[in-house]
Structures are given as C-alpha cells and as structure tokens.
Amino acid sequence: MSLVGLAKACKAKPYENKKLGENKTMGLIFMNPSLRTRLSTQKAALNLGMNVMIMSFTGEGWALETEEGVIMNGDKAEHIIEAAAVVGEYCDIIGLRSFPSLKDQKADYAEPVLNAFVKYSGKPLVNMESATRHPLQSLADVLTIEEFKTTEKPKVVLTWANHPRALPQSVPNSFAEWINQTDYEFVIAQPEGFELSKEFSGKAKILYNQDEAFEGADFIYAKNWSSYKHYGERYFGKESWMVSAEKMKLTNNAKFMHCLPVRRNVIVEDAVIDSTNSIVIQEAGNRVWAAQAVIQSILQTN
Amino acid sequence: MSLVGLAKACKAKPYENKKLGENKTMGLIFMNPSLRTRLSTQKAALNLGMNVMIMSFTGEGWALETEEGVIMNGDKAEHIIEAAAVVGEYCDIIGLRSFPSLKDQKADYAEPVLNAFVKYSGKPLVNMESATRHPLQSLADVLTIEEFKTTEKPKVVLTWANHPRALPQSVPNSFAEWINQTDYEFVIAQPEGFELSKEFSGKAKILYNQDEAFEGADFIYAKNWSSYKHYGERYFGKESWMVSAEKMKLTNNAKFMHCLPVRRNVIVEDAVIDSTNSIVIQEAGNRVWAAQAVIQSILQTN
Amino acid sequence: MSLVGLAKACKAKPYENKKLGENKTMGLIFMNPSLRTRLSTQKAALNLGMNVMIMSFTGEGWALETEEGVIMNGDKAEHIIEAAAVVGEYCDIIGLRSFPSLKDQKADYAEPVLNAFVKYSGKPLVNMESATRHPLQSLADVLTIEEFKTTEKPKVVLTWANHPRALPQSVPNSFAEWINQTDYEFVIAQPEGFELSKEFSGKAKILYNQDEAFEGADFIYAKNWSSYKHYGERYFGKESWMVSAEKMKLTNNAKFMHCLPVRRNVIVEDAVIDSTNSIVIQEAGNRVWAAQAVIQSILQTN
C-alpha cells in the first residue's frame, strides 16, 4: 500500500495496530522547538502502542559536535557520534528534528546531523524536519489534498510569501518533491532569486507573477523560504506576496493550505485563513496519520 | 455526585476507571512553570488510563499572539487561534496553564488565553491555573478541609501574607469562590487595598485586622496576592502579616494550609509549617484526586 | 541475587516483570541536564510497566532553597522540604539528579539535595548522579566489565584525563567504590593533587605515572575530575594525560571505557574510541539494565 493509502487506513482505524508497537520505544530527539510535529508524532507512536521518550537538546541537553576529527576543547560537551549511538541503544525507532544553519548551503544540504544519526544510531530514523526536508509534512499535505480535491488532477500552487525572518527551504523542498510524484498540475510562484534547488523543484512550472499562478488554482499552498541561491537571504518588504482574499478570487475557489505556524496578515490575510476555504487545521490534524503510516511501515518491516 | 464526592471516590479507588481513558489523550499545555499542577494532573490522567502529552511553550515552543487582527511581523511566530485548534486536533481533553500579566486588569480578567483555547480548540478544557482562577487547587482545598474538619461548619480564614513579588489573584479568587459555595464560616483577612474582586469575595467577611480574624479559626489558609484595585501592586515590607506560631495561638488549634510553593519565614514561620497542624503536604497530595475527579467527569460526559 | 546478576537477568528478559510496576509511578527529577541517565532510567521503568513522570527544575521549574531556617525573600520560590514531600505524594519511587557546586567541599559532600529528598519525600530514592556518587553508572560499568573480561581477575585502570572544565568527582568516586568491592586488580592513575577522597579510593593502588599504570591493563576507564583536595580546581593543559592509541599499546589489548559524554581528542584520541576495543556504547546501553535492576529490587521490597 502507498504511504498515503496507509495514512488513510490509520485515520479510519487509529488503534487497529496497537499490538504492533508493544515493548518498542520511539525516541523523539529535538535540536529545535516543535509543536505539531512533536505532538502528532508522539500521538502516532502511542496509537501504535509504543513507549515514547522525548529529549530536547535545547534546554534539557547540551550542544553536540558534528565535525569529525575535532579537538573538543570548546563549548561542545559531546560528539554526535556517541549521542546518536547511545540514543540507538535505547530506542527502536528514532525521530529527529534538526534545522539548518542557513549560513552555509553546502554544509546544510549535506545534512550532517540527520546523516550522523542514520550512520551511528543503527536504528530506523524518521525525519521530523531536517535541514532540507520535512517529509512528514508533505505526506500529510498530499493526504489533505487527496481528501479535499474535487477534480482528478487539481492545480496545486506553491506560493512564496513574505516573512520577517529567514526560514529554511525544507517545507517547500519536500512539498515540491512529493507533488512532483503525483499527476497534479504543479506551479511554484515566487520572486526571482528564490528558486529552490532543481533537485526538488523538478518539473514544476515556475512563475514570477503570483496573479498568473493563482489563475484557476484548486489549492494554494503558501510558505516563506529564504533564498537557496543567495543562501539564507531574505527580502522582507515584499508585502505584495501576501495571500489576500482579493488574490484568492483569481483561483478556482481554491483551498488554502500552510504547514503552520503562520504569521497572520504577513503570510496570509485573516480573511483567507478564517474562511471556510482554509484547511490548515485539517492539514495539521493529518500530521498524526502521516506519522503513524511511516512508523507503522517501519514497525512492519523491522 | 458532587466533584468533592467524586474526588473522594477517586482517592479511595484510584484505578477503578482505568478503562475510561483508554485511547484518549490528555494534552497539558504550559505557558508558565509548574510542579504540583503538572505532576498531579499527569498522574490523574494516567490513573484514568489516558495517554498524556505535555507541551511547555516556555522552552520547547514559541511566543503566541493573542490579539486579533494583528499584522504578525514581530517576535510572535504563531497565533493562538491556530495553536489552540491544532492542540484540539491531537487531544481529547486539554489542560492549560496561563498566568496573568498583572499589568492590565481588564485584559487579564478577560482571560484571553483560556478563552481562546475554549473557543478554538473545540475540546473540553481543564483550567490548570489561568489569569484569574485556579479551580483544581480549590477543589483539592475543599476536599482537604472536608477531611480534616472536626466541626460541621468550620471557621475558615483566608489570610493575605507578605511576599517579595507581585503574585496573581487566581488562588484566592478561586478559593473564595469555592468556599462561598459551602456553609463554612468564611473570613478574609487582608491589608486595606487588597480587596479581591467582589465577584469572587462575595459574601465573605473582610477584616483588616489579622489577629481578629484568627480568633477561633479552624483553618488558616495563607496566600499572598497583589492588589486587584491598584492592579498588580504589591506592598512588601508588611512582615507583620506572616503567619507565626504566636498568631496561631489565637485560633481554635487551626490547621495551616497553603497552595505551595511557599516562602518560609516570609509567608509562614518554620514553627507553623513544620508543626503537626500544617496540612500543606496532604493538601498538595489531594491535587491528584481533584484533577482526577474533573477529568473523569469530562470523560463520562463526552 | 546481586545487583549485577539482576541486571544480567533484566537484560536477558526485559519485559519479564512488566506486571511488577503496574499502577506505580516513577518520578524523575532533574536539577541538571541529562541524556543517558534520563533515557535509560525512563526506559527501565517503562520495561517494568511503571508510569514515568519527568520534571526538570532547570527550565520547567524554579530554584529550590536547601538551607534550613532561612528567610526566603530572595530568588528561591520554594524550599526543598516541600518540593521533596510533594513529589513523594505523587510518586512511588523517585529518581534524582543533583550535581555539586564544586565550590564548597564540605557542603557538596554533605549531599544536601539528595538527603533532603531522602528525608522529606518518604519514598525510595534512586540516585541518578548526586554531588558525590553516580551508582547507576558504576553498576552498568561492572556489568560491562563482567561481560567483556577474558580473565577472572582483570586489571582495571581508572585514569584521570585532561578536560577544559572543572568536573564533579561523582563518577570516579562511585567507580572506585564499586570496583573496590570486586576482586579485580584496581589502579588509579592521576596527576598529584587529584587524589579522590580516601573513603572512595580505598584500597586502590594510586600511580602518578600513566604509562606505568597502563602496563598490562585489561580495562582503561578514562574520566576527568576536578581536585578533591584543592576543591573544584582543574589544571587544564595536561594534554599528555589524553588516552592515545600509543598509550593503549602498553596495555594487554585493553578495552576502553568512559561514562560519556566524552570530549574526543581531549580525553581520548579518535583512534582509540573509534577502535573495536572501545566499549563505550555497550557500556551506555547497559545503563538500562543497571537502572532496571535497581528499580526492580525496590519494587520487590516495597
């Protein structure tokens, strides 16, 4: 069964596989804050009967060294090699969140933290948003589009939006990667200079005019991201890129989506997110079934 | 059955209703630190067989916007509208702690955070101390008085006490509100200017002389609170308002109560809190059964 | 059965006693950060069927007063007397982590936090590393040595190593205390001035020459600690005390051990910790069975 199909099955019968995770431990490791990902992944593992242990390295832990061969006489008390291996000793499946620095494109896109956990933990790893990807979000997004689409091949528009801070490319990267595997019509609307890495944007049609992109759209997926090319740069002040009720009129009565957290009246106008066309809460709710589908398939194949 | 009766039943047989919470999730959301409330509410939910997910917005999360219609281009990354709705997607019952600012009486007493969760989460909400009330504490307090009273209608004195910081009115507000629903004799002792809002103090007899209030008392409930009238003001230096062994001699061998945490030798003298008349630990222990009674009644009616 | 024997039995059949902890609560209280201790103790309690509640006073709580008789008008909102008693109300067994100040030898070695919890909580206490001891680590260490030893009475060397910060003596204290109860050959290698308290080092042979100590060793246990004599002092710059591949050649093909976290190329050279002779991860893994043995024996005798 596809992951989307499995997620639907989990949603229909959440406790059907509660025996599957008995005496198994899910470890959720956070290098950065989290609300939706943390609660939905914890809930998914609990639905499958697993024990869940949560560890936040911000606050409860200490800074980890990721460079190899370093003389560790600075402020980092532990190397990720040991930290990952030790977590692997205590957990059957590991969920990991680790944001990018947004300072060094090459370093971030090499995914040092994620890859160290894959390499040294010896356990299956669930990506709870890494430097370049957020696949649990994308699986929930596709599930949500499947639930709300009214036509076989909807027009899906991923649109850049204004934001006061520089944000990762992980959500749009993964969204593009997943939508590219469907047969939806896929458009990315963005200012020039905000092209995603080609490995992610793939076959998407890129438009620099948001109005043109919105024409006849069935789904508007808004998200800010910092520049990949001029790595980590943001260009705040592009207020015109906010998703407004006016712009939504250009669409085919499109549903509005966003991964959340979202800045109201910066990314999206109140009138849009408060309208019945907004499905951001249902989208967030689907994060449970996305996580449960992924964890369940790991439990079934390990 | 009354909540006090239900709390007694929970205390007598803690695991009697362990099936009731099966496959149900209790979410505990903290905007402020907590010890007793957190552990006792978590334990209560576990006793009822629920899964418990804890999220602290201080440390693990981010600042939430509570004003409506705001352009969110400052330091707040998420609006409470979304945060509450999303938590509602993942939890069957939500416990929420959210302290007042103590800067704006009208704003605090409008309970913006609590009410936003009630409005937007779509799920039953348990107040784990809000800007103006702490009902789980009061239920535990009444249960404790019921257990320790030696006369049908005991004289209960809520006394203001000295404290170096400005504290919320939530504990005395709720205490007064609950005691006003009993047929106990109820006196509030306080310096002038520290009157609680009339909606809470109600029919209580207010005395500005602590010695007079203590005469013949069966229970002394000490607590500091900042001024409601001169909102949030404190008047430190009123050392004479500390509950001392000397003053306890005026009472009818009264039991000493406090919600904790308590500052020794500021609020209460060591000799009082260390005496056998102090029931602060039993009172804290009863927090479990108060929480369990509330959660159980929600589970039984939803 | 000895604790080491019980730990082996837990490792062989982790879920054998899952009924033992039913409806029992393990409270894990942290005054300091933790990774291994937290996850392994949590897992051990879950393996025994207990509920686990975790409370970190750094971040989620507030500063506790430990001095008796103090007028608490400063920054400490609660006395440990109440905090311990309240935690005791909610938990059947309490795990506690509380590091030393490293400023006052006498005060630290009096173990004020640990002893207050023992005295006031009224519940069995598991030491998750206190000011002077880390027994769960030592039990895991002995279990690990038992698993890897190839001779009846191995030569075990505890060696001081270089470190940029002043560290507690708790790990070497407990290690020495436990090894002194075995019939292993036991040597401590350290610079002058770094003698542990005699009550811990006991019958160990103390050598000031690391090379001499390493001769024919079966296990090298590396650890930095600050001075006990010149209390809390560190002497960074002793790079020659790092455990190097060159020095390991002096041993009898010794296994390398460390409690972790470890600073690579400061405490130990990459070439040593990355070699097959390093058993630091297995050692960390054994923390689960050490904790489980201790908790299980408490559950069986209470």
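Labels A, B and C are assigned to the chains in the order they are written; within every chain, residues are numbered from 1.
We adopt the following convention: a contact is a pair of C-beta atoms (placed from the backbone, for glycine too) under 8 Å apart; a residue touches a chain by one contact, two chains touch by 3 or more.
The model shown is predicted, which means the values in this text are computed figures rather than measured ones.
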item	value
Topology of the chain contact graph, where touching chains are joined (line, ring, star, complete, other)	complete
Same-site or different-site touching of subunit A by its copy subunit B, using the half cut	different
Rotation angle superposing subunit B onto its copy subunit C by C-alpha atoms, nearest 5 degrees	120
Whole-Å gap separating subunit A and subunit B, where each centre is the average of the chain's CA atoms	38
Touching two or more other chains - residues of subunit C	59
Touching residues on subunit C, where the partner in the complex is subunit B	23, 25, 27, 51, 53, 55, 59-62, 65, 68-74, 77-79, 81-83, 85-87, 89-91
For the subunit A and subunit B complex, residues of the former touching the latter	14-15, 30, 33-36, 38-40, 42-43, 46-47, 56, 58-59, 164, 260-266, 270, 280-281, 284-285, 288
